[in-house]
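Dropping the structure in here first, questions after.
Think of it as A, B, C and D in the order they're written, each chain with its own count starting at 1.
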């Protein structure tokens, strides 16, 4: 009798393990947070220098259309980031829009039409698409997509459209696999209930499954956009890297990442040119934040509806 | 004679109690799920908790071995062996070894049948191979599963049928030789044959264990339990020996419930 | 009848879409492999590269890529595992948790060149690790952690709470319930998450240019002492990986056969990712059987 | 027993590592020189470093790219031994040249390159300037085919671009256009894009692109040495003023006749001693 009482009152091996495990896992998470914070602070510190120590006005930075940090005009360097911001947004939105029907279609195949073929063929296909390095995507883009664009639209072939096609393939796996998750989370009962009421499979998918999974699919889209926004090497190889306001989809343009990637090695840490590039990185960071907030918002809305 | 709002049977002092709750209040955020549930649970008996969905009986049960720690806010006292379980000095892991629990859905671990039982034993410091094998056999026999699985102990437990899996979960719990078994609607996911087997198992287990069972199946409560507590809106409104509860309920709501006029 | 017709039409459309996706992959793979296949030979895979004469191979780069991948996984796997366990099992849902999640998520969508430069300034310069496999592995860890954490967390989340309750009700600590029951059950999905991130690590170039470096000094494959500078195992030596090599010869290669080498290297990269993928699936299945069915 | 085997494994690993540490090859622990910067200069330093290690076992030359800007800023902060650069330190903003020692180890010529379809054999400096400043937009206007001109620039701040604008365009600035950060990609784009024009160093010339004469002068190494071809730049190995002996010795080696006569021409650079003229900025 007393033995049991005593055992309940003394700290057991399990509770010691529990404490240790909790501490270890917390330290891991803490480590990650520390790294993330360090990067954030680092980028913010460098990126804000453009405005604090080089005295560029934020509005000129965001609204200016001339990017030429080597040149100073009226005492301020020409760092108008609007062309890159526009380019990034255009490519991201177009690529996501293009990928969306493919992603939803493929995801539906994997969940509702032929789950067997889905896991056997489509799943590995998606994983392989993710596994192809962006250097190779860029390489293929340069040797296939760009000449193709040129033969159809004339010009150099470089531009937003070429970037869109390359990014389309790159974000497809992300959006698809997240859409699959969203579709899978729709309870089986919904489907069987709809089918039992005499609806065809397509009606069930269209009216029940897709509708229920809408918040999840929206999240997938935003995720895809976030990935597209941050992609650098592949886009840089096909977009043409001209810091000009895009006038057409097949004229050379630039994105935040392409200018950042190509320029950073040729500038000296602490100069205006370098600071301006870090400011671009800061925009990327803030955009990423915005995408994440959007995801949270969608998730909240979705919960409310249910 | 259904004139009372509330009827709680009092025990004389010779009856040994396994668990006693006092002033128990359980909150989910602002919502008070349990507001009055002073119960005495006698040893080596089966006590059934019945009541409509949302009456708080499952919440009550889960609080008894503090499975609600991270989910709900539990206030009040739960007495076991002169210890208040709802206090900080209690080591929940050692306590749960004495007060085991089996859930609504069978949840065998994705391991072999043998390991399903030895896993917790090893964690509690029993590592002697011979003793482990013995405990596996006894617990499976007590849970009336031994004959069905003795030749496939090393196969995955996930391949068992629902009824077998649930009995494995019971075997897993009693292999630790606990004092008390808490069962949360253990038969609700099972077919009638499996349910009958399970009920038989429970009645046999009564010799060694105190059993508290939550059930929606009233005939089941009537068949196997010695005492019945009826929960309604977070309160125990009637607690009596089962026979009397079902034949001569003292509270109108209980009568309504068991005769099907309610919930 | 109309509804049925629509149904057929839509199904056909879906099949077409899935077909196009598969076709895109096949074309991509076909293009890369067919271009690279003529280059592939045993000597191409084993000889060191040459800076300015024809006939160089990719032996060292291939080894570097694999070694770097292993090192990165060794560093990032335990951290990601711990972090995701905390996030999924211990962290109370609330503002702080959601902020932490968002931060990790943001990190994963930063362009890798930013991570590379950060790694360069922190690991290479500040910590004095110089251009080395270790610096590269650390930078890749930064780049890999968010993805890995997220995928492991998802894998953990997909395991039913019944299992957790089952463990807790037996008086087992949550830690052991998670590590001994939930984790093994989640192995298949963890492995597929691992494949995805390994693929990304294997193909990553931008983050490595500034950390692991772009030179592949000759290695002595007879010397496996990790403290010798020419040993393949030395984590302190600079190491150009396959992806960096492709990037480099595409951009600045002056060897006469640069396009051939680059095509060959790209094919090898793809094939290795392919093999890795298949291998990981197989191991995942095996592990799952082992862990769930007992010995 | 189950719990012990990871511990045993770790123990074995530690013993093995300890054994490895004790038996490590002491002769190979020597100093290492890290050179970072210009990708154009990277092959030369790499090749020289390899040869140097053969002659001087124990000294290891570690060469990395990253761009001239990175090279100069890293040598300035003292994080590396040598900063490789295509530019004079004075040409790069944010660098204090007085803190650094300039070691010119080779010269590289830069030439405009054209897509073959442009149909141009010769250009004058004026025409070149007009093209890159956007005053001329069709090859017809400078005597070629009716084909729109597509300008492909190098990234701002890259050594090749700075030199080209300074010497080839008479300090005029090119208009904003497509930019590429690498010679190989640039060449590939020019080769495949009708009407494209760009510029690369001599070592990237091949038959996929056409190379015009400039003011009637052919882009050859010989013309560079006499300064008849004016678009060229030095390749610099910058060191800190008070650098260590190992680095000094290595730079001396790069300037030795062995490297200058064999490696430098082989890699498409022009040996420094062949130059009949000298520039100071």
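In this text, contacts are C-beta pairs under 8 Å (C-beta built on N, C-alpha and C of every residue); 3 or more make two chains touch, one makes a residue touch a chain.
Predicted model, so just to flag it, every value in this text is computed and none were measured.
How many steps does it take, at the fewest, to get from subunit B to subunit C if each step moves to a chain that touches the one before?
1
Just grab the chain with the largest centre-to-centre distance to subunit C, centres being mean Cα coordinates.
Checked the centroid distances; the maximum from subunit C is B.
Can you name the chain whose C-alpha mean lies closest to the mean of all the C-alpha atoms?
Answer for the innermost chain: C.
Which pair, A-B or C-D, has more C-beta contacts?
Between C-D and A-B, contacts are more numerous in C-D.
Where the CA atoms of subunit A average out and where those of subunit B average out, how many Å apart are those spots?
49
From the C-alpha centre of subunit C to that of subunit D, how far is it in Å?
The answer is 32 Å.
Distance between subunit A and subunit C based on Cα centroids, please, to the nearest Å.
So the centroids are 18 Å from each other.
With centres defined as the mean C-alpha position, give me the subunit B-subunit D separation in Å.
78
Please list all residues of subunit B that touch 2 or more other chains.
Where subunit B meets two or more other chains at a single residue, that happens at 92-95, 97, 123-124.
At least two partner chains per residue is the criterion; list those residues in subunit A.
12, 14-15, 18, 261, 264
Give the residues of subunit C touching no fewer than two other chains, as numbers and ranges.
Where subunit C meets two or more other chains at a single residue, that happens at 171-173, 176, 250.
Can you list every touching chain pair?
So, checking each combination of chains, I get A-B, A-C, A-D, B-C, C-D as the touching pairs.
Show which residues of subunit A lie in contact with subunit B when the two form their complex.
1, 4-5, 7-15, 18
For subunit C, which residues are in contact with subunit A within the complex?
3-4, 6-7, 9-11, 13-15, 17-18, 20-22, 24-25, 28-29, 31-32, 78-83, 85-87, 89-91, 98, 100, 102-107, 109-115, 117-118, 121-122, 142, 145-146, 149, 154, 171-176, 178-179, 192, 195-196, 199-200, 202-206, 243, 246-247, 250, 262, 266, 269-270, 273-274, 276-277, 281
Would you tell me which residues of subunit D are touching subunit A in their complex?
Within the complex, subunit D touches subunit A at residues 65-70, 72-73, 76-77, 92-95, 148, 150, 155-158, 173, 176-181, 185, 188-189, 192-194, 196.
Looking at the complex, which residues from subunit A come into contact with subunit C?
12, 14-15, 17-18, 20-22, 24-29, 31-33, 35-40, 42-43, 101-102, 105-106, 108-109, 113, 121-122, 124-125, 127-136, 139-140, 144, 169, 172, 176, 181, 199-203, 205-206, 226-227, 229-233, 257, 260-261, 264, 281, 284-285, 288-289, 291-293, 295-296
Given the complex with subunit B, which residues does subunit C contribute to the contact?
Residues in contact with subunit B: 92, 160, 162-163, 165-173, 176, 180-181, 184-185, 291-295.
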